[in-house]
Every structure is written in C-alpha cells, then in structure tokens.
Amino acid sequence: MANSEFEYVRKFEEWDALAPSNWIVVRIDGRGFSKFSKRQSFAKPNDRRAIDLMNAAAVEVVKQFTDIVIAYGQSDEYSFVLHEDCQLFERRAAKLATSISTAFSVEYCMQWDKYFPGQALERPFPTFDGRCVLYPKKKILRDYLSWRQADCHVNNLYNTTFWNMVKGNPATETPPMTTTEAELALKGTFSADKNEILFKKFNINYNAEDEIWKKGSVVYRKFEDKQTTEAATSGNQIVKPADDHEKKKPKSKTQLEKERKRKQKARVVVEHVDIIKDKFWQENPWILE
Amino acid sequence: MANSEFEYVRKFEEWDALAPSNWIVVRIDGRGFSKFSKRQSFAKPNDRRAIDLMNAAAVEVVKQFTDIVIAYGQSDEYSFVLHEDCQLFERRAAKLATSISTAFSVEYCMQWDKYFPGQALERPFPTFDGRCVLYPKKKILRDYLSWRQADCHVNNLYNTTFWNMVKGNPATETPPMTTTEAELALKGTFSADKNEILFKKFNINYNAEDEIWKKGSVVYRKFEDKQTTEAATSGNQIVKPADDHEKKKPKSKTQLEKERKRKQKARVVVEHVDIIKDKFWQENPWILE
Amino acid sequence: MANSEFEYVRKFEEWDALAPSNWIVVRIDGRGFSKFSKRQSFAKPNDRRAIDLMNAAAVEVVKQFTDIVIAYGQSDEYSFVLHEDCQLFERRAAKLATSISTAFSVEYCMQWDKYFPGQALERPFPTFDGRCVLYPKKKILRDYLSWRQADCHVNNLYNTTFWNMVKGNPATETPPMTTTEAELALKGTFSADKNEILFKKFNINYNAEDEIWKKGSVVYRKFEDKQTTEAATSGNQIVKPADDHEKKKPKSKTQLEKERKRKQKARVVVEHVDIIKDKFWQENPWILE
Amino acid sequence: MANSEFEYVRKFEEWDALAPSNWIVVRIDGRGFSKFSKRQSFAKPNDRRAIDLMNAAAVEVVKQFTDIVIAYGQSDEYSFVLHEDCQLFERRAAKLATSISTAFSVEYCMQWDKYFPGQALERPFPTFDGRCVLYPKKKILRDYLSWRQADCHVNNLYNTTFWNMVKGNPATETPPMTTTEAELALKGTFSADKNEILFKKFNINYNAEDEIWKKGSVVYRKFEDKQTTEAATSGNQIVKPADDHEKKKPKSKTQLEKERKRKQKARVVVEHVDIIKDKFWQENPWILE
C-alpha cells in the first residue's frame, strides 16, 4: 500500500501567494452573530462585555502575530493589517486567513467565561470567518481603515437612535415603538435628524457618548520609552516605502528576529481614537513604515 | 463623516468562488503541533486521547455542516469533503476554509478538558489551518482520500517502529536508542524491514495493531433504517453524477431543506475502515452520489 | 548597469497554470466585428467568403496545435478544445489564450486576399480576442459545444428572417422594412413563427437552408485508413477518461512524439454536422478519448 | 433545439479583472523566434530591418490603444504599459493580453513585406505570446522598465562580442570561432572583459555603438506644442498618484473622450534613450501621471 500511485493528486493544490508589495488586510466577521447575540442576550444598542471580549481576543491575536501592524474592530468584525512587505507563511492567502481567524475564534471562546461569567456557550460555538484583501498603496489602506471607522459611526448613530426609540422615554412622553415602527420612522433620516431625535426625545447628546461606540477600537503596539521609540523608528527607516527612490535593503535574519522580539515585548494597547484624520498616524509614524 | 468617499476600497475585494462541478476538500492541519504535542506530553507513537479529541471535533463539524459528505482524519489533520454540487457560501473559497477551520479549532479547544482532564491549555491555544482543494472527478477525489489513508499507514508503521526503538525492549535485549540513532537505523528501510524489526525485537505483530492507527478515522452520516436508506438513495438519485447523459434537475428549496433536516437527524459515525478499496464505497453508495 | 538590482520585479509575475484534468476551451471572438463587417460589406444574413476564411484560419490553427482535439466555429467566433490531459505550455492560461488567438488572427489577415480579392484590409486590422475556460467533465464539455451549436441555430434563424424582412419580397407583396421595424416585428416570436414567416412571405423552407449556416463548422482530424484508425483508437485507449477505475499510465516522450507526428499527417476536415446528438461522437470516439 | 438547457456552462467562465490601482504591463514575446530568425536569415548580432519592423508594429499598437502610456522593446519582446487607473475592457486580463498580442502579431505580419521585401513569410507565421503583470507602485513599474533596459544592454554586449568572435577579424589576426568555442570563451567574463575583447580584437568601441542596440526602443506620445503640453500636464494633474493625500476625482466621460482624442492626435515617437535614470521621466512627467 504505497502512497506513490496517489501522489499525483497534489498537483491539484494551487499556490495562492498574495501579490508582493501590497498591504494585506485579514478581515474577520462573526458567523451568524445576529442570532448568536440574541441567544446570549447582548445588551442593545451596545454590549460592553461583548466588545471587551472582542478586544481581548484581538489583543492576543496581535501579540501572537508580530506581523500584524495594526488592527481595527467594531461590532462583530475585526481587520488585521499585515505590512506590505510581510513574508509570513510566504503570503499564502488561505494560510493567513485561517491562521488569524482560528486564533481569534479560539480566543473568543476561551475567554468567554471571563466576560460572560455563568452564561455558558452552547453549540454552535461562535466563530469568525475571514478573508484577505490586498491594498496596493498606503493611502488606500488608510482609506480602508477610514471606511470601517466611518461605518462604525454611521451604524452606531443609527443603532443608538433605533434602540432608544424601541425602549421609549417616559420623561419626554415618548412611547416605546416596535422594531418595525422604529425602522420606518428612521427611513430616509440624516445624521442631523438622528442627533436631534436623541437630544429632544431621549435627552442624549450623541457627541458625549463613549468613544468606544463612536470610534470602535484600535489595537497596536506602543513603544513608549525614548530608546525603544528611536530603535523602532530607526529600525523601520530601513523599510522605506516602496515609492521612495532610495534602495530598500532586505532585512537580515538577525534583524528580523531582533525586531520580532522587540515587538513581542512591546505593550499592545486598545484605544478608541480617530484614525481617519492624519493626527494618529503622525503620532505613530512607525505603524505603517 | 460619511463613509461614501471611502467605499471605493470595496473594489479591491476579489470574488473567490470555486469552479462549479468540482469536489471540494477542505483540509485542516494543526498549527505548530509537533511543539504543542510535546508541551502537552502526547503519548508516542500515538495518543488515544488526542485522536479521540480530533474525532470528536470532526463529528461536530460534520453535524454542523450538512454539506460535508465525508471526512477523513489522521494524526493532526482532517479532510472534509463537500459535494461537487455544493452551493454553501456560494462556493467562496475563503468563507469555506475559514468556516470549517474555525469550527474545528473551537471544538478542539472547547472539548479539550473532556479528553485531557486536569491538563490546562495554555497560549498559544491549538488551532488548525485550512485550505480548499478542488478535484474535478469522483475518481480523483477517491484517489485523494486513498493518498491520505496510504499516508496514514506509511507514517504509522514508521512511527511505531521508531518509538519502539527509542524505548528499547529488555525482553529481547534491545537497548533504547536516541531519536537520531533510530532515525539513522530506519533510513532506507522498506515496509517489510519495519514489520520484521517490530516482530523480532519488540514482539509486535503490526497487522494486529489497532485499526484506528493503521487506517485513521472516517466520519460520515449513517442511514440505517430501511426507510431512510431508501429515501437517501432515491433522494440522491436525483443528483446523478455529471457524466451521466440524463439531465440533472436542480433540487427545489423544499427538497434541499428536507434533505438538510434528514441529514441533521442521521447518526454521524466514526469508523476505522479501508476507503482505498471499492468495498466501503459500494456499501455506502449515497456518500458520493 | 547590472540588471540584478531590478530582478526582484520578476516576483510580481503570477503562475497561471490551469487546473489539471479539466478540458480547456480557448474561445476567440472577432474584436469590433459588427463595425468591421459593415466596413467590408459582408453579405447579410451570411457571407460565404467570410465564413470560408474563418474556417480556413481555424484549419491552420488546428494543424499547428496538435493538442487541439476539435474546434467549433460560427459567425465571428471559434472554440478550440484542448484535451483534459493536455500539457502544452504547462497549461499556462495566458500562453494558451494568446498563442491560439494570435495564430488565428494572423491566419485571418494573411489569407484575407484569397477570400476577398481586391478588397484591401485597412487599420485597425481584424483581430480576435481569446480566453480559456475549464470544463471538468466530458459531459460538460459536450454541453458547452451543444450550447454554441444551439446558439448558432437560434441566431441564424433570427438573422435569416430579419434580413429577408429588411430586403422585402415583391413576389408576396412584402415591402422592405427598416431594421428597426424588423426588430420590432420579431420581438417575442418563437422559432415556429419565424419558420412560418420565412415560408409564407419569402418562400424559404428554413430546413432546406445550407447546413453551414444552421450547424456552423466543426474542424477535426480525420483518421480514415483502417490501420490509422485502429492505431488512433488503441493509442488513445491508453488515455482512459479519468473516471475509469483502471490506472492511467502517463505516455512516454516517444509515444507523445509519435502521436504528434501521426496527428500532423492526419487530414483536418471541416464539416457542418450535428454535434449535439450522440451520433457524431459515437462515429468519432477518439476525439474526446 | 433551445440553447437554454446548455446555458449553465456559462457558470464555468471566470471573471478575471486585474486588481485596481496597479500598473498593468502586457509583455509580448516572439514565439519560436530563434528558429524563425534563422529561417529568415536575420543578421547577427542585430538585424536593423527586424527591429524597425518590431518598432513599426509597436507604434501602431500604441496608436490603437490610447490607454497605453509607454512601451519598451528590445530583441523580439515588447512591454506595453497601461496606466494604473486604466479601465479598458474592465481590466480583464485575458482580454487585455489577447487584444494587444493579436494587434501586434497582425501588424508584424502585415508590415513584413515593407521591411523584408521579396522575402516571403511562410507557415508557421510569426506570432507573439502575451501576458499581464501587475505592479502596485510607480517605483516598481520603473524598476520593471529598468530591468528590461538593463537586460537589453547586457544581452547586446554579449551578443556583439559573441558574433564578432564567431566572424573573426583578419586585421588583428583573430581567427573565426565556432559558436561553441565563443560561448566557452565568454563564460564567466565581466562587462569590462567584453569591452576589452571588442576593442583590442575587433577595433570596436562598444560605447560608440548605435543607441538602438544598447538602449532598445521607447515608444510614447509626444506633446510638443506649448498649449498641448500644458493641457496634458494640467489634464493629468487631476489624476494625482494615489499616494497623494488629496482626493482623486474620477474623470467624467466627456473628459475621458476628450483625452482619448487628444492622444489619438499626438505624435507617437520611437526613441532610444535611457529610461533607468530620472532624466527621461522628469522631461516627460505626464507619462506616468
């Protein structure tokens, strides 16, 4: 029973390496999460435990994969950004997508008890699908992240208004609506309209809402001590953006290993800040360098 | 802060539907499992708890995804076969690969305690990479499965001999070897040689070893009562192999839903049988029909 | 000025080999041919010189590429079928598509004078786009060819009726229509309606029309002498369809070379026959073997 | 004979649009040109008629496809560069590769008589394969072009030396070599060695050789009158490189049509200049803008 006569089937495996010099985003999404969140009675419009769990899982994934330069999450989705020069798994698409989505899914389930104590997980256990998308320029990658953050804001404003309408507010004599009624009432409204509804009927100043809901969550490595910051910056200066006219020297194995260790030591932070404007990127120039 | 100006980034997402009328195999592999199995002190050459856990996870995945027609596992890998006409997730490669690999990884971690009680999981938690491979003909799919099962046999014979040599056998005055010595001693040996070493030095008749090690594990739905079997068979007769000259009628939604329910009710079994010869397939004709 | 510092750009080239064990169809289409055929005053509904030129070009392409097992053409399109085991150019998609489409385009232009004497070609010269499509089963490949031939019939019946209406028929006092009027008049009509219009108003029995218009053109190698036929058949029996349960032996280089020479010697024929029904394939079993 | 029952075969066609915001190079290569050039007795090391024909064909292709921003050719190859924002044929890979390679092949054959009068083309007629390669950054595209031009120089220095050695030089008492001898003699030599051989034995100053052989051929649109140049420049300023932080406005249909017409009117030039250094690109800034 030799396996040689069957080995020809290997020819059917396709090589799926992603094109070089493109930023890789692995985006994961909760599978069947509208059902799952109902079954687990997530608070509406936002459940702090659920988002804290998402962020805790993301932090572990960023720690485990030092090639991830930044991650952005909101609701039941997370985007993990790999550097355009990343060589992890030889840039094989399926390997990257499944490694990150399995690591995230497992973290989510294993940490569940900590965030939802006494509330057991049942089958089907929560999992997260993933896929790789390539962005050929830094500018387009930033637009991708801006798109997700703008989407977070738009959804959150809608959901905040919607769920308040469903709950109603006796103080302003606003009766509870059915979900269908609320949906209908919000159809065609603009941001300004929703802000006004919130303010007048629910006494909510949307701008004063927690940043975590309005901005989502940004996860990245923080290099704070002067020395490390300099090392980071100078280390990264070697990897100039490809549009630069100077030549890129590929890093030596020792350099790469050193860098990996430095990254493993760095503190991974979760912040709820604007990543659409330039300020964040100017303050953390090494992230996309 | 509208998200419309950023929406152009969606154009960078590629549509990755797999070619129609091809059998889809989602093969998953334990990530870094040689390290993991050492850390968790898996028994050598085979750890029954570890394989039982693999199989328990596979059973749940087969139950959850009714499009899986059969699965085959050995060591830290599992192959899940989706029917050539499967339309799950519109046949999108990343969606299929990540859904199945995350479901399996999560099951593995969540059931760990049951199979390794008192032996905690530590980070990095075990996960399984996955990828899709297409096989255009039933015959080639069977060759793929034969390849994996032949591989199981070849590896198991090697590992059984190797680990016995490392342990040594006082009864035959066979001293323990280092792993390097054993590796060297086995270099260039044929199956017959290994069988003889096992028999003469370790009093082991390889043919009498447990089928689970020699054949690996086959997971599939069993339709036992006469009625269901007939229903299964006649139901499946509608899906004639594409090489048939009669016309295929696509199933109606009601039919598909009925079939899904029937599958959900069916008993999912784990067997350690030969799937290289025709016998298994003749006894279970509906699997690939 | 060494080129070594720039060689990294080769990494951007993707390997585009087509999946094994799939029939490859290279389909070519005239680029901008509705304009071109007007400029060159092609007869309507069909121009015999134009089709003869298409077929002459196809014959040369079939002669040049011995991996083509059959070709089917109609109007300004041609489909060239490569065997599912074809290894030409390592099955690279771009190489196959451009080799065949350039060979066809060049033949078309170089033979133009013979079919359209005294009617010079002007820029932009006629060219034919091409693309590869994979069909995983023989049955599906035949359905593809049936699709093209059924399309030929449907289009030809329409065009024959349409252009007769535009010309009108004094004998039956049928006045000429504008193209818009004819289009409108034919909207929603069935085959039977068009057959009747042709018969009653234009005294045309559609069934008696030339087969070349109704069936299109089939180009293939004819092995007529008994000996060669047997050789062909037995030669091809080595390449059993993959669904067969016997093992396939890959052909030796000598065998392949011998077969190539035999093919080069074979007569390439153009026929206007039905390839939807089984008869043609039963009479020429070696074509898809 | 409806074609509806066969239409399902269309699902096997894959959508092959190239990733947005990437420079597209369609590179064509003469198929079997070492054989062809021998059969047609091309002069060695370089045949002026053959290169003039290549360039004449390229000029027509550039004229026909206004989306081509620049082309570079040497020996029997040509690279046609399409702008990163090019939308021609919806960026479908097969369509782009076959359109350009068929247009080039046809031009080459149709203009053959002009450059090789009285020297008939025979079957197989010369054709050119093609493929698309994507370059995500302007810098990398320039490196690609530099790679081809450096390759031209390296090959030409080698070929010039090689063929002179094969011919021999009585004036310096250098006897003719066989091709095998010359090959052997040149093995392991550096540029400096070849320069010296040429100078000492063949009285050839390589630097004084014609630029057409040392640099290859650059084909592009020249906008010379002040007004047009400004229009070109300002027109192109709208299409800022994507790394720019200002927003890109997609051009209107009228703008695109106007631009196409302006391009059709522009003079297409063939130059033999350095495109590795910045000078050329600084003098013709609109090419890659």
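By written order: A, B, C and D. Residues from 1 in each chain.
Simple rule for what comes next: a residue touches a chain if its C-beta (ideal position, glycine included) is under 8 Å from a C-beta of that chain, and two chains touch if they have at least 3 such contacts.
Labels paired with UniProt names: A, B, C, D = tRNA(His) guanylyltransferase.
The shown structure was predicted, so the numbers you read here are calculated from the model rather than taken from an experiment.
The set of chains touching chain A and also touching chain B is given as C, D. Centre to centre, using the average C-alpha position, chain B and chain D are separated by 50 Å.
Per-chain Cα centroids separate chain B from chain C by 43 Å. Between chain C and chain D the centroid-to-centroid distance comes to 31 Å (mean Cα coordinates, whole Å). Residues of chain A in contact with at least two other chains: 12, 14, 19, 21, 134, 140.
Taken chain by chain, the contacts link every pair, so each chain touches all the others.
Of all the residues in chain A, the ones that touch chain D in their complex are 19, 21-22, 134, 136-140, 241-245, 278. Across the complex, chain B is touched by residues 1-3, 6-10, 12-14, 16, 28, 31, 60, 64, 93-95, 97-99, 101-103, 105-107, 109-110, 121, 123-135, 140, 143-144, 146-147, 150-151, 153-154, 276 of chain A. If you check the complex, the residues on chain A that touch chain C are 5, 11-12, 14-15, 19-21, 247.
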